[in-house]
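A short worksheet on the structure shown next.
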């Protein structure tokens, strides 16, 4: 195989080298069976789920977790439903105590209509959880300075949204995502808003190290096919980025030299 | 393998079922060796080249064609350099007489700066060549009515540009491309202007049946890696389209139901 | 008044210097009274209407024309409803014979869903009508080569659509509009698809000499206010273009020098 | 004059009803004379300048302020150069003590390359200055939740950037601006990044109550003409918004009814 395939740098978060750049959410699938098939098709290693939806007393019997057990996965429980840093920290600690590991996605929403993250509480929770030894991945707006502050506060990766959760609007501000990726000294995982494979490829080309998707897979007409499409798109985007695309230019350059041998 | 993978309809042009949706141009590569490696990595079955650059007298010795021989490829010689229908028809007939097959990409440029196609001459040449028994694929603007006229004139597929040749600006008018694909009764192959894997995936998601790329592969820092990225992107786009993406919506829908078991 | 105000070149079409860059369509208004108020607020000098909707036998009694009489206006009857060059020419000649002047907007639609113009028939009609002494303004796609061919065929101005009639989608392909305006040796009037004042300003900044609007004014909640907004926007766009905007750049430049006197 | 002109709600900030929605920065003009002419042409009532560039000991002799005196203007001194809330508060208090009024634009940059605002320090400074009786207008990212937090902290208006200062990239994320404006209970003034009149009109149409511009006017080839263009564009945008634009739709609706009287 051609050397270029090895030039795509591996994705390392919290000291772990991940085999896939695609993180999968487990909510909203038609059934656990479809979720598992989609998980398989996606090749995802990191899976996320809302702690509040999990039966923490008996995780072995939980409707979602029982299906994930025995697979080589990294759990990324999220704090969705929290509306303050204190709540988010409490949820994260409950999850860790229940044996779900020490990775956590901080998700603190400020608005039920958009579910957009609260910058202040998210930064606070990130600092507190990093201090408490968690591998913290905060869901954040695409404010480049906020993303830097999150990394400084100990985030293992930052997760800016492309657009609000579940909208499928894609990356509303490619400029900001590129800037965040350029400046970040932690991996950037685009979380929320992606709708299709093209969005996924674009995120990676702009400099993201990975993406997290849930709704666009779970609610596609065929979730399994979409999971596979997302996996291919992420791979295509990473290779495209590593390959060094042509610069954009305003006017044409002929694919063939203007003077030819005919005539 | 999951049934969805079979729902992507095959691409048939001129009665031939193609195994790849990615067409590759052969110009501007650093060397024939790199071109061949890229061709391999792309999986392309249809290759295009400018007739005027080929030594029609001894195709077996031609610097490009000698490397392609013996492979299972469909030649799509193009008429670039032509500035009228008459010229394009003459070039196509020379190519056929030289044994390059009966597929032809009509390319009649009206402007050396943008190399944009001439709608009137392109339509004329398409009608004349279809009449003469060619399998005609005209490079055209993204004017939806013009694309329909080309199909009516006998085009086996239409090839609207995403943006001017070699610019890497991607798909300037997604609306038009979607409209062309919705209305077309022949395959739509996006030709010209694509820059990266994300552009390729987007083209297919908008409804194109395939894409033709040359400059973005040949002039990438690593043409072979980019060829592979394009191939993956086209596959991702086709699967994403077949999977039935979520609709775009203005506001969030929670990935997890708002009421949960925690607390 | 500042000299710059005089640097905006006047708009001249068919030998007439126009006092406004805003052309107004007269269809779809809630009432003739509102149409007249909007016309007043717009400052438009050129008005368009469908010939087929006009009572050509008694124009003095026509429900639209009777209100326009006595004003200092240029009539731009259009051939909407025509589906071929022959029909369009016939309509134009009927209008001229009925005393509606010798300006004509060629409008030949090929599709009832999009009303997009037919490039081939439009070019034919333009040539025939220019030959017959009309001042011809063809409604066309934004295909840059087609626009050039129309000018060569004798069009007094070209009228590329921003997006399909009545959609309010604005300028779908700013790149093409800029290219058309750069290359045109006749005025470019953006016709169709504009939705708001910002669209109007953008059209002029991209290089259009004027715009034609109908639906966005007639169907606004307050047509008179929108007519005035469009007039201001066109003026703003022309002045902005003449003023020489700053180039776009990727990163900030401080509005104030980084080193200051404080401290 | 038509009633609609009165439906545009007046802009009220800190209890003052403003006569213009256009705020002007005073930096980077070729000369004080050009700055004054542009100020005149803009009709701006609110002017901003960097406190650190002003001679606070003798404001009457200051190179900028001496020209502004005697005019009916509201000073909006800004804290540019500050990199923390403490610094910003100190600068604001110096300005107030020097008689420059009690309005202040909080500007706390975190990055010399982009001059993007620091969300955490900006929120702190806003709360402290509101507490201290200032009329506070913070320059902020377009994070909708942050904008809400700023209003809750006492901001009299919020000033999200369209794109980084001086870039002329316009409004990178129209979705976010619309959301901020929909939810805001204080006026939204777009600050930074606008490049031309069309950008200005778009900002207002998206729901902003006003805009602040400096570089695009001061560095235009003709600053005075651009100042006037911006003023017209803001007026056009406000009127367009009040007029109730047509909804965007995917396909055409004929401006004239499909069945007409001709034939």
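A, B, C and D label the chains in the order they appear, each numbered from 1.
Keep in mind that, in the parts below, a contact is a pair of C-beta atoms (placed from the backbone, for glycine too) under 8 Å apart; a residue touches a chain by one contact, two chains touch by 3 or more.
Source: prediction; values computed, not measured.
Undergrad: On the document's contact criterion, could you list the chains that touch chain B and likewise touch chain C?
TA: Looking at chain C and chain B together, no chain touches each of them.
Undergrad: Considering only mean CA positions as chain centres, point out the chain farthest from chain A.
TA: The most remote chain is C.
Undergrad: Measure off the straight-line distance from the CA centroid of chain A to the CA centroid of chain C, and report it in whole Å.
TA: Here the centre of chain C sits 46 Å away from the centre of chain A.
Undergrad: Suppose each chain is reduced to the average of its Cα coordinates; what separation in Å results between chain A and chain D?
TA: Measuring from centre to centre gives 35 Å for this pair.
Undergrad: Centre to centre, by mean C-alpha position, how many angstrom separate chain A and chain B?
TA: 32
Undergrad: Among the residues of chain C, which are close enough to touch at least two other chains?
TA: 114, 116, 169
Undergrad: Which category does the touching pattern between chains fall into here: line, ring, star, complete, or other?
TA: Graph shape here is a ring: one loop, exactly two partners per chain.
Undergrad: Which two-chain combinations qualify as touching?
TA: In this structure, the chains touch in these pairs: A-B, A-D, B-C, C-D.
Undergrad: Residue numbers of chain B touching chain C in their complex, please.
TA: Residues 110-111, 114, 116-120, 123, 141, 143-146, 148-149, 163, 169, 172-173, 175-176, 179, 183.
Undergrad: Under the touch definition given earlier, write down the residues of chain D that touch chain C in their complex.
TA: By the definition above, chain D touches chain C via 2, 4-5, 7, 25, 27-28, 37, 41, 49-56, 80-81, 91, 94, 112-116, 164-169, 195-198, 200-202, 205, 214-216, 218-226, 228-230, 232-233, 235-237, 239-240, 242-258, 260-263.
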